[in-house]
Structures are given as C-alpha cells and as structure tokens.
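Structure incoming, see below.
Per-chain residue numbering starts at 1, and chain names A, B and C are given in the order in which the chains are listed.
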Amino acid sequence: MSDAAFVWRGLKKVRMTGPLVLSVTNYVAANLNANGLLAVGASPVMTHQPEEIEDLVAISGAVVCNMGIPAGTLPEALYKAGACANTLSKPLVFDPVGAGASGYRNLVCERLLQAASPDVIRGNGSEIIALAGQSGATKGVDSTHGALEARSAAVGLAKQHSCVVCVSGETDLVTDGKREILIRNGHPMMPRITGLGCTATALVAAFAAVVEDTMEAVAGAMTVLAIAGEIAAKQAAGPASLQTGIIDLLYTMTNEEIDTCAHISG
Amino acid sequence: MSDAAFVWRGLKKVRMTGPLVLSVTNYVAANLNANGLLAVGASPVMTHQPEEIEDLVAISGAVVCNMGIPAGTLPEALYKAGACANTLSKPLVFDPVGAGASGYRNLVCERLLQAASPDVIRGNGSEIIALAGQSGATKGVDSTHGALEARSAAVGLAKQHSCVVCVSGETDLVTDGKREILIRNGHPMMPRITGLGCTATALVAAFAAVVEDTMEAVAGAMTVLAIAGEIAAKQAAGPASLQTGIIDLLYTMTNEEIDTCAHISG
Amino acid sequence: MSDAAFVWRGLKKVRMTGPLVLSVTNYVAANLNANGLLAVGASPVMTHQPEEIEDLVAISGAVVCNMGIPAGTLPEALYKAGACANTLSKPLVFDPVGAGASGYRNLVCERLLQAASPDVIRGNGSEIIALAGQSGATKGVDSTHGALEARSAAVGLAKQHSCVVCVSGETDLVTDGKREILIRNGHPMMPRITGLGCTATALVAAFAAVVEDTMEAVAGAMTVLAIAGEIAAKQAAGPASLQTGIIDLLYTMTNEEIDTCAHISG
C-alpha cells in the first residue's frame, strides 16, 4: 500500500461522477466544506431541517453528520440523517467536533451512535480519545493530542462500531481495527485554518460515495487534502493564503503531484 | 439594449447611494453575500429573527428572501420579510435555493409565494424549472440545466407572478414574460464557488434598491458579477483565488471594463 | 503610552499561551472570527446551545457575547454565557452588533446588560451611541458615525457599566471613563470586509484572556488588527485580498512592524 495509485483513482472518480454529499454541519465550517467539495468535483447540499432529511439523503451519494454546533434542530437532524443514511445504504461519515469539550456534546455523540452506525468516524486526536471514553484533556475543538497518541482509542472505536476510524494530525492514521494506513503529508500551518478538519470529513464522504473500499476512500481523501496543504504552504504567506492555495489545488491536482508527494505506509 | 451603458449607470448609483440590503439567507453563503454587497458599495444586514423583520425592512432599500436552509425560524422570517417588503414597497428578490430538491423546500416556496409577491425571482436552471412546476431532475443546490433550457419555465413564472425572472448559467437570462435580456459573460469555473448564485441575488437586490427599471437592475447586477468572474478567471489558479478576484473586482470595476467585456443582447 | 511595547508584549503572550476563546456569535462573521483567533495564536470554540455554555465557559480563557443575529437559542445562550463568565471570573467582551437597528436588538442588549457585567464593550460609533441611549441614525450593522463622535457615549457607557469601551473607526478609541487611548492606524478599505469588527472583538477577548490590564489588552488587540490592515492594504487589489493579507499578517506580525507602524496616543 505504499503505492499511491488508489489516491489518484479515487480523485479521478470523484471528478468524473460528481457525487452529491449531504452535510448536517456547523456554520463555522460550512462555507469551506462546500468549497472543498466543489473544488474536488463533488456537489454539496446542507441542511439541519429534519423535515427534509429523508428527501435529501435519498438523492445523495454520501452523508456527513458533523456535530459542529449542536443547537436548535441540528441534533435531531443529525440523528435522522444518520438513521436514513443507514436505511438507504448511503456511506455515513461522522465528525465528532469538540467531543469531550462539553457534557452536552458527549450526549449528542452517544445518541447519534445509538441512532446510526457510521461507516467512518473522523476526528482529531483529542476527539477520538474522548469518543472512545478514554480520559484526556481537550481544548475546545482543537486537539492537544497527536494522531498516534490516539491509536489505541481509534482501534478500539473501529472494532466497537465496525467502522473505519480516521485520526488527523501531523500524521494521519486510518484504521478499521485490523489494518492501518499512515499518511505523512501536510504542513504544520494547516491547523491554523478553521474548519479544515471538517473539510477533510466532507472530502472523505465524497470519496466514500464513489470508492468501494472504505479504507482506500478515507486514505485517498486525506492524502489529497494533505498534499494540497503541503504544496500550497510553499507559497503561502500565512493561513489565509494557505487556505486559498489548498482549495485551488484540490481543483487542479494532478496524478504527478500525488505520485511525487504521497508518503503513505501501512 | 446591446449598449451596456445602463450597467455602469446602475453600478455607479449603488456606489454613490450605498443602499442597505436586508437578507434572510443561509449560513453557507451569508459571508460571501455580505462581502459582495460591501464590495459593490452597498451595506448588508441579515437576520432570521421574525421579531425584528419589520424594523429592518423599514430601514432597508431592498429585501432578499433566500430559501437557503429552511430550518428554525427561517421560514417564518422569510414569509414575514416578503410580506413586509410588499407592504412597505421595498423591492423584493426571491432566491429559491434548492427548489425541487426536497418536498419541504417546495412547500416553503409555495408558502412564500402565497405570502408575498416578489419583484424578482433569481435561480439556476433546475430551480426555475422546479419552481414553475415542470418536472426535471435536480441535483441538490447545483443545476443540471442550462439557463436556456429553463426559458419557457422562466417566461411562465414571470407572467404568473408579474415579476422579472432571472436564470443564471453559462448564459444568464432575464425576462419579464415579454422582453428578454441575455448576458453572455462569466467563466465555467464560477459554479465551483459556493454561494455565488446567492451573491448574484444579493447584488440584484442592491441594484433594484436604486435602479427604477427592474429589468435593467437585474441585468446590470448579473453583468457586473459575470464580468468580474471573466476578468478574475484570467489570473485565478482555481476557484478560491477566483472568488478573491471577483470580490476585488466588484470593488474596482470601471466603466471601461464593462464596455470592453459586456456581451448583452435582447 | 505613546510607546507600543505593550502591544508586542500582548501579542507574544497570546502566541505563547494560546488561550481558548468561547464565542456566542453570528454565522456571518463566525468563520473570519475563528480564523483571526487561530492566526493570532488563540483557539476558538463557538456555540449558541445554552446547555453546553457552562462547560465551555469553564475551559475558556475569555468569553465573547456577540449579539450578531439574535434568533433561535442565541439570545438565551448570550445571557447564560455572560452570567457564567462573570461567575467564573472570565473576561467578558460584548459586541452589540446592529444595536439601534431594531427594537428587538435593543431589547437583547438591555437583557444582556442586566444578566451580566461585561469587562469590555466594543462596537462601531453608531452602535455605541445607540447603546448609550443617545439618539442617532444607524444603518443596519455599518456605522454612520466616526469613533470620535461617539466619545461622550463611550465615556458614559464606561462609567455606567464600570468597564472599558472601545469604539472602532478611522481612529479607534479606548476608554475606561477616565483614561483614553487613541489608535490612528488602519485603512479606509477595512470596513468593506464583513465581520472585521466582530473579529476585532474576538481578538480583544484573546488579549484580555492573558493581559492583566484591560485597557492594554483592548488597545493591544485593536492596534495589531489595524496595523495588519494598514500593511496588507499596500498589496491588496480589493477587500477580499485585503482580508487574506490581514489574516496572514496576524500570523506573521513582528515587533518591528508594530514599532514602525503604531500610532498610539493617550
């Protein structure tokens, strides 16, 4: 699996088929998530209105449940979107934003995992450790743990929920509880862009909509984003121009750039 | 009408008078909408709180009802803003985002059009076709139809609601049911920017606030945005730098750029 | 106080300690606020869910109550966040966005100031005049008054609420009712960026989390933002590239840039 051919295959398929991704998500990251999906060739649709969830899941290729800011109708929309995705066999990706930061977020996580079985859970180290029920300091929505510190939590969660777990960080870790893929790409300035983790989740959903093997879908999306960050950082004066460069590169990325840059092992 | 002088006249008037535009809109596009309005010289104010709608309509020069994400208090705010705009004779622009994508959005459209008479309806091909009650596949909030495919739907809607209908696409179409203006500007990368259609709607409202003739207001705003996209695309590395360039150009656009680029017929 | 050494001291302390700032805020500005906080070295967390306010205030270094768009659970979340911040002795910064624009916003302001005692109030000239109960025309969320026109309103508010009041404008004014600091930095294009005032508020909170003297915290944050705008404007083609430049500069700003540019008196 040191061969990155599957990354390009996935990206090409997203571009050719343009899957619709439904996101129940937060307003801090919504705009960047949508632009990330459009740049990679997918189509975003977003709602937190429970009454339209069923119709929108039905026309979507994959579903994102992003805990984002769990207020108003959002929690109910999350539970319904998760259950509908399962019923209609659409890939479901769960992003436990800020898990561990408040008792209420922990409760929403618990209820979502009772209502639905995600195909993928993607979070940062602190969120994955909190979700696995391990004790660990959290700092709001930013991580205080590297991905590798969350390895045992990730493996445990993957086994418990029979899903793929992705922990993003300096090294991204992808595991289904048995196999493991490590992606050593990206740039230290990337965590200074708000919502970039949520955007990773959205891209994972786009790949999962069209790529059969879930491990390859997740690792493919994470690699594309990390390489975009790595290349964009070379010309970025700071986090805002880095964000611009990343979105532009999601749109233009070539097989050659992936081949040259990818550092995947597992 | 091949003469683009009315476009510059409209833009100049917006810059000189700085109309306040009230938007009831969605959080995916809200930031870009506001920045588009500010760049063109107008002032944005946004709410989805029904209790302040009347006060805000009263001080505004035009009102946008953007179906955006119809959750929480937003639908009620839409109906109230539409009705208030009519009562206080403020130009009302309706953007049926994602019409046809869910039964619930169709219901909100129906109720809004019962509660209020828009002066302008602006959408993409699929939305206009869905709003006109014609069958047609939709893909969430992105269009699967060009503007010209929606011509008969647009003419029908314009006659039915005695308003101007604008369908955006590779060619933008503006009709009041009798006259027609076609704008052949823009760039194929523009639909890869989320919320750019909603921003077109916001600009249309800014122009409608200060330009007497509604056809000219709509065509003027659409031409300015399309030309900004066309010029910005020459230096854009992808959709994010395209977005930056478009907002910058809304701020700096000259009469000469409009004269040189505009491809308007009708 | 013409010496700007305290500005650099504040910025350095924010970068070294990375305070968590909880914002109850609006979705128009949320993304820029979060990116501003991340660029300056702080961490953002946002919510409008009353049930998680207490947990999030407890782990935060400072709290922002931004009236933003007072709909849904946001007003309740504002009151609770304000009260919790007081109880837990966390610096509380209040941004009365659009005060005076609607009766409802005035009511929310009144209730918030009954529920909590802010350490800092930051707004534009029109908002501060409206909050002080003086008559004065307002234009939605944009100001029609310079900061110096709001001087007596600011002094009155500062005395009434025993807090620091900051009025942003061409000149930024900071007062605790007795002392006054004036910051003559910035660029006329800055008000063409939506949410930049809200971002100033967020930065003030980040500084207040780590700087003992509140006057210095507020003046430090406002100076850093104004200098970022001033430097970025030299290369900006319009308001969007100005925004990119400002965020990048918040990340890279040096002591030398502050020393060279700062125009502080008081």
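Going forward, a residue touches a chain if its C-beta (ideal position, glycine included) is under 8 Å from a C-beta of that chain, and two chains touch if they have at least 3 such contacts.
Predicted model, so just to flag it, every value in this text is computed and none were measured.
Shared interface numbers for chain A and chain B above half of all numbers used, same, or below, different?
Mostly different residues: under half of the interface numbers shared.
Determine how many degrees of rotation, between 0 and 180 and to the nearest 5, align the Cα atoms of chain A with the equivalent atoms in chain C.
An angle of 120 degrees brings one copy onto the other.
From the C-alpha centre of chain A to that of chain B, how far is it in Å?
Chain centres of chain A and chain B, defined by C-alpha means, are spaced 32 Å apart.
Residues of chain C that touch two or more other chains: which are they?
In chain C, residues 27, 31, 72, 243-244 touch at least two other chains, as defined above.
Going by the contact rule set out above, which residues of chain A touch chain B in the complex?
20, 22, 27, 30-31, 34-35, 38-39, 43-49, 51-52, 55-56, 59-60, 72-73, 77, 243-252
Help me check something: in the complex, which residues belonging to chain B touch chain A?
Against chain A, chain B makes touches at 26-29, 31-32, 69-72, 98, 101-105, 138-142, 189, 191-195, 236-241, 243-244.
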